[in-house]
Amino acid sequence: MFKAAINAELLKDAIAALAVIVDEVRFKIKPEGISVKAVDPANVAMGIFELGSSAFDEYSADECEIGLDLNKITDLLGIADRNDTVRMGLEEGSNKLLIDVGGLSYTLSLLDPSTIRAEPRVPQLELPAKVVLNGADLRRAVKAAEKISDHMLMGVSGDTFYMEAKGDTDQVRLEMGRDQLIDLKAGEACSLFSLDYLTDIVKPTNKVNEVTLSLGRDFPILIDFEIANGAGRISYLLAPRIESD
Amino acid sequence: MFKAAINAELLKDAIAALAVIVDEVRFKIKPEGISVKAVDPANVAMGIFELGSSAFDEYSADECEIGLDLNKITDLLGIADRNDTVRMGLEEGSNKLLIDVGGLSYTLSLLDPSTIRAEPRVPQLELPAKVVLNGADLRRAVKAAEKISDHMLMGVSGDTFYMEAKGDTDQVRLEMGRDQLIDLKAGEACSLFSLDYLTDIVKPTNKVNEVTLSLGRDFPILIDFEIANGAGRISYLLAPRIESD
Amino acid sequence: MFKAAINAELLKDAIAALAVIVDEVRFKIKPEGISVKAVDPANVAMGIFELGSSAFDEYSADECEIGLDLNKITDLLGIADRNDTVRMGLEEGSNKLLIDVGGLSYTLSLLDPSTIRAEPRVPQLELPAKVVLNGADLRRAVKAAEKISDHMLMGVSGDTFYMEAKGDTDQVRLEMGRDQLIDLKAGEACSLFSLDYLTDIVKPTNKVNEVTLSLGRDFPILIDFEIANGAGRISYLLAPRIESD
């Protein structure tokens, strides 16, 4: 059994943050909230998603797992106004999710969870450097880097966090000192990431006040922020690329 | 002779409502106003359009018929601001329409009416059920149905008006009771319509406060609303599809 | 040596006005400001661009010439907010332009000026008629003409400035008398211009209060207006087309 009501925009934002990684996911529903762990088809990026019951206006659930097509949900939520309430219900043993938005009742067939790639194991990483910054700053640097290259270097040098992209002839670099950052834990860190992935991953951070980056030397980056006014959390883990110069 | 002045936005909206049915029309001009009856090329939808002389700031006309390319007019009106006045003039025996918008003078060659499909006869239908609702509600249901299917069922059951679409796996349904509707005349009614057509036809209803739907059992639907602040009226008649299950 | 700071939107608008003529330009940098003269690849339109040092918040320069790819600059400035300050710097003998926008540092390789078409000589023309009008009026007439034809006639007849386009069947004409214009110097003038070019050239005039047109009989038109709040100026010279009737 699963029954919940939630603000439409909040749900849209949460779904959008997941949809940058995969199209189909296994939602783990528990009495204390919903969680998802998913890896992209190329095994380069992982998303770890948690939405606690307090993000919902109403929430009651037994433990279960459902398979969802995120594109379908996104499509349906496109009809909702930002202040609409979305009501969801799932009968015991049923494979149909009932969704009600502003008087419209959807009956959505669920996917068989066993046909969706299993939850990945989240690697335990020791990431020495940590940077907390505004999501819009992160997104602006990624957008600037895209104009120049396919890859972006991210690192910490002394008390400075930097992002840098080099094209055939041109170069762009953003440096943020301790006073332009919300927080900085210095540590040796410098890794190269694919902008294809970063561009998608930082999209949902644009409205986010605090994004935490955890970094190492040629290590994955952990990009981590709150959703749903603190009631949820999404973390992305993105594998580094080997620098080729 | 035909001479008229009208608000640009009002004319744009009226032309847009006609343009969902056909590209070229015969305008019947009479001293009391303009009327058009037109059927779409596939004979599935009919539009019946009336714009009384009171919709115009100025209007004087002898009886005549002109052939108009609606795409051309729409294109020209794209230049007008919403508060501009559009002046039109037609000389006796001339086949040029003079249009003046904000200082720009267009001379538009008319089409020979005899090359445009003749006015259809409007069938006399006994449609037992009648529903009056807000145009935005109608449009929202049609948009939701489009995500799921190519067809939409519309009907009245007891005191409830419903719209329903079924896809291969999913389903959407909107029910509106007597108190969510502006008016309801109960009657046996349930017909299936092509969403291709409905999508176009309900576009102009989005700003309309009261849209009247007249329905029967596997019968055409009549979608009917005022334009030009009550000085005109447009009715669409859409043929039903045979349900295939 | 070249060092300058300027408002981002002002720079964007100035670059956009140049980019309608060419993609790559030779910027002539002098202590008193920057200038460009460029002809489009088909030799139909010329742009003469001047941006005085007073357009800049900071400006210091030795005389030099640099080759710039306008698409690259436009791309980079897309990241800037309208109130950002853009800082530029060029080392003696270096072929890299350093650009700093809101904390992002770009290092942009310059083009070798010798690979870019040389500055054209500006022809001395005696253009008898002159018209000063609002840029939005000019742009509206050009947009209306585009719907009808590929060419537009512009001329002065007595105390009236007119723009006219004729299609196969339709025609549009805008007449502006002395009192609808900001200024008019009467003189014999009537020339036909390609709307392909006019459409691009009038784009930057849309926000401009005063655009001066200098015209003759089958002569080029000079379209001339201030940029950067009067600290700069751009003139377009567009060759006439021979009327074919």
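When the chains are written out, they are named A, B and C in that same order, and each has its own residue count from 1.
Everything below uses one rule, namely that a residue touches a chain if its C-beta (ideal position, glycine included) is under 8 Å from a C-beta of that chain, and two chains touch if they have at least 3 such contacts.
Quantities reported herein were computed from a predicted structural model and do not represent experimental measurements.
A.B. asks: How big is the rotation relating chain A to chain B when the fit is done on Cα atoms? Please round to the nearest 5 degrees.
C.D. replies: It works out to 120 degrees.
A.B. asks: Same or different, please, for the chain B to chain C contact, judged on whether over half of the interface numbers appear on both copies.
C.D. replies: Both copies touch with mostly different residues.
A.B. asks: In whole angstrom, what separates the CA-based centres of chain B and chain C?
C.D. replies: Result: the chain centres lie 45 Å from each other.
A.B. asks: Residues touching two or more other chains, restricted to chain C: which are they?
C.D. replies: none
A.B. asks: Which positions of chain C touch chain A when the two form their complex?
C.D. replies: Of all residues in chain C, those touching chain A are 72, 75-76, 78-79, 102-109.
A.B. asks: Using the touch rule from the top, collect the residues of chain A that touch chain C in their complex.
C.D. replies: 137, 140-141, 143-144, 147-148, 169-176, 180
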